[in-house]
Amino acid sequence: MDTSIDNNVITRSLENTAGNYILKTPEKVKSNKRISRSYRQIRTENGFRRTLVIMAIAMIVLVFGIFLTLIVQSIPSIKTLGIGYLWGKTWDPVQNIYGAFPFLIGTLLTSFLALIISIPFSFAIAIFLGEYFPKGPISNFLKNTVELIAAVPSVIYGFWGLAVLVPIVRSFENKIDVPPLGIGIFTSSLILAVMIIPYAASLGRSMIQMVPSPLKEGAYSLGATRYEVIRSVILPYTKSGLFAGILLSLGRALGETMAVTMVIGNTSLIPKSIFAPGNTMASVIANEFTEADRTVYLSALIELGLVLFLVTVVINMIGKRIISKFTNE
Amino acid sequence: MEHTIISTEKFNAYFGDNHVVKDVTMTIPKNTVIAVMGPSGCGKTTFLRCINRMHELLPGARAAGKMTLNNEDIYDMHPIFVRLKIGMVFQRPNPFPNLSIYDNVIAGYKLNGIKLSKADRDNIVESSLSKAALWKEVKDTLHKKGTFLSGGQQQRLCIARAIAMEPEVLLLDEPTSALDPISTASVEELLFDLKKNYTLVIVTHNMQQAARVSEKTAFFYMGELVEYDDTKMMFTSPKDTRTQNYITGRFS
Amino acid sequence: MDPHVKYRLGKSNGFKALIIILAFMCVIPLLAILAYIIQAGATKINWHFLTNIPKPVGETGGGIANALLGSLMMVAVAAIIAIPVGILSGIYLSENKNSKLAYWSRLSVDILQGVPSIVIGIVAYFWLVKPLGGFSALSGSIALSIMMLPIVVRSTEETLKLLPPSLKEAALALGMPYHRVILKVVLPCGISGILSGVMLSIARVAGETAPLLFTAFGNPYLNADMRKPMQSLPLLIFNYATSPYNDWHDLAWGASLILLAWVLLLNISTKLITRRWNIQL
């Protein structure tokens, strides 16, 4: 390659076309109004690009800010209570005793119970919409229903739960010889289960719709029944996607506050059975945040918020990773 | 001596490390129709897109060398100025789907915020559509959306939109390859009329089209400008064996 | 027919029946909730209800005017903050698919989407309530706008990504500067998708309580000052539903019906608008 430098031969990397140019315009061209207004437009163009970049950076700053705030405000609690806080079995702010274990248990119990209850329904909807009725009026009806379930505000679920579900659970508890409180872990799990159905359902449905027809056709051509195609082709193919849907539902359940707070009974004890009252991390924060009058008290609550933040973020990220790997294959 | 409007000197274009246009030196005279042809991947479209600086919008794209418009280096000007003087018509017609036919024609003014009086706007729309041989067909439905026209009409609308800006040069990237034969014929007729007021550079993979519409032809092969001559000469007695092979259909 | 095949077909049909039953069972809770709220709340709503603030305990009557005003104001302010920021970020992400900044920004938006609403409330408390010395509607609005952002950004990005590149090319070839290409050509063509994202995000935050618990805090009086605590529909429902007073329960039912109607209307009109405004590409 000729390496001598000719003044007229210039190489420019032109990926970013904004503002790197010397504007050379002879006088006769400048008098053209259209061209001269373009000068102003070029300056605006650069300002616009910069604004876009700033907005994108703002998202990162926001997340960092949230994380940082949670950590900083948890420091008093971490310093004073140490790591044992997380499995401390007693929560008694009046006596300055703080232990997060009751809330960990409450959260895990309600979330996993809700998951177990909701999964058959979520998957049924996913298979219904993804395989049996992908189009048509019945499909639209169910699609809209699922979207509406997700759209109802959680405080309304909670209120309805309080007014309708609690008495029902209470009479049920009477029948099975359990203290008829009505409120408690079980009731919370029921409401939560309804609320999280849409998440695994809609993700599951998209995954099922993505199963390539040739795969299914191969099984049909071998004489398989529809159920057998679902069981041996569709479900294995979408295994990881369905798992991601479960994770998304779980993430939602862990972070749910209002509906749970209203029917769980606001009791900061380790629940002895699923019919006992309790508290989740989110509900204890909601209930006691504004009453926390000491630094350690408030900080202990914030630390719960930090744990909640980390756990839900991790679960959601894992779910999203699985989905993107699946859709890129 | 014909007046030269565009000239290039040792012009090169790259996609990352891929050297797709190599050391092209040529001059384009004013008010002529130049056909640029060659097999797939020979760099003709890339070369065309370098003229109005659309090439550099792709990630990893780079250009080097000299390219001038009326003796001004195109790569010293801001791309916006270049594109105001050099218009482009694309392979697939791309009228703005949310604008009416009328608004599509003056889109270059309207969307740039250039205020024109209604009389001026009407004038520009009528004259551009007439020059693009579309006026008679759409003059009663100017308010309808551009996407409701046929392929050939949409392409003529795009041509009208480009010439409404009064460019000096019009670049056409395989303008009829997405059209049916009848639309193709109407667009080709149009090109012949347009060269009175504009210089046209047309990339085409259709040799018959090059022979029909152009006065000079440039043959590209593997990124190099292999031969550049009057169309008649190129097709009857090509000087390079590669040109000869292409014309006789050895490779397409 | 071979009995084994009969059995397999029977199993397949049985499975289909099971799926259909389970799927339609999900409609039951939704219908139950809708029916109950309508029945419990319809009788409570009248002009008096909508234009008066709650009465002190023991007195009957009163209304939810403070919550109505509060919800409208806080959601409006949240939208004014979140919509431009969200759309501009969405534009950046759809225009710069591969830059490093886009990767981290997209990741941040994903993380933001999964943050529990109560955590947002906590953070907003420390950012705005503590430093400024008191609860305020503004801090509530900011908390709500943080919740709106991921939805607006995602829907903008996804909508714009679907637009054909020939659209941008046509505009650029006419000599349009970048900001006009985006604002005057690309955005208008994507308006239906972006609009639906905006409306869905509004429907989402209209029903949020947790972020407002320690920011807007609630207010028994009518208040239009963003610097002071303000009531909102979900907050009112939460506080009054969990109170022991029947009068307050009545208010909460009426408020629930209004909130539900508002949210459902937004969801339905989003669908209608998306259909009408969808630009044929």
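Chains: A, B and C, in written order; residue numbering restarts at 1 for each.
Basically, contacts are C-beta pairs under 8 Å (C-beta built on N, C-alpha and C of every residue); 3 or more make two chains touch, one makes a residue touch a chain.
No experiment lies behind these values; they were computed from the predicted model shown.
Once chain A is left out, the chains joined by touching do not break up and remain one piece.
Interface comparison, A-C versus B-C: the pair with the greater number of contacting C-beta pairs is A-C.
Once the centre of each chain is set as its mean CA position, chain B and chain C turn out to be 48 Å apart.
Between the Cα centres of chain A and chain C there is a gap of 14 Å. The residues of chain C that reach two or more other chains are 175, 177, 180, listed in rising order. Under the contact definition stated at the top, the residues of chain A that touch 2 or more other chains are 38, 41-42. Across the assembly, chain B contributes residues 57, 59, 80-81, 84, 112-113 that each touch 2 or more other chains. Chain A makes touch with chain C in their complex at residues 18, 38, 41-42, 44-45, 47-49, 51-53, 55-60, 62-63, 65-66, 69-70, 73, 120-121, 124-125, 127-129, 132, 142, 145-149, 151-160, 162-164, 194, 197, 225-228, 230, 251, 254-258, 262, 282, 285-286, 289-290, 302, 305, 308-309, 312-313, 315-317, 320.
By the touch rule above, chain C contacts chain B in their complex via residues 98, 164, 166-167, 169-177, 180, 184-185, 188-189, 279-281.
Remark: chain C residues 8-9, 11-12, 14-16, 18-27, 29-30, 32-33, 36-37, 40, 85, 88-89, 91-93, 95-96, 101-102, 104-105, 108-120, 122-123, 125-127, 146, 149, 153, 175, 177-180, 182, 203-204, 206-210, 213-214, 217, 234, 237-238, 241-242, 252-253, 256, 259-260, 263-264, 267 touch chain A in the complex. Interface residues of chain A facing chain B in the complex, by the touch rule stated above, are 8-15, 17, 21-26, 34-35, 37-38, 41-42. Interface residues of chain B, counted against chain C in their complex, comprise 52, 54, 57, 59, 80-84, 87-88, 90, 92, 94-98, 107-108, 111-113, 145, 147, 158, 161-162, 165.
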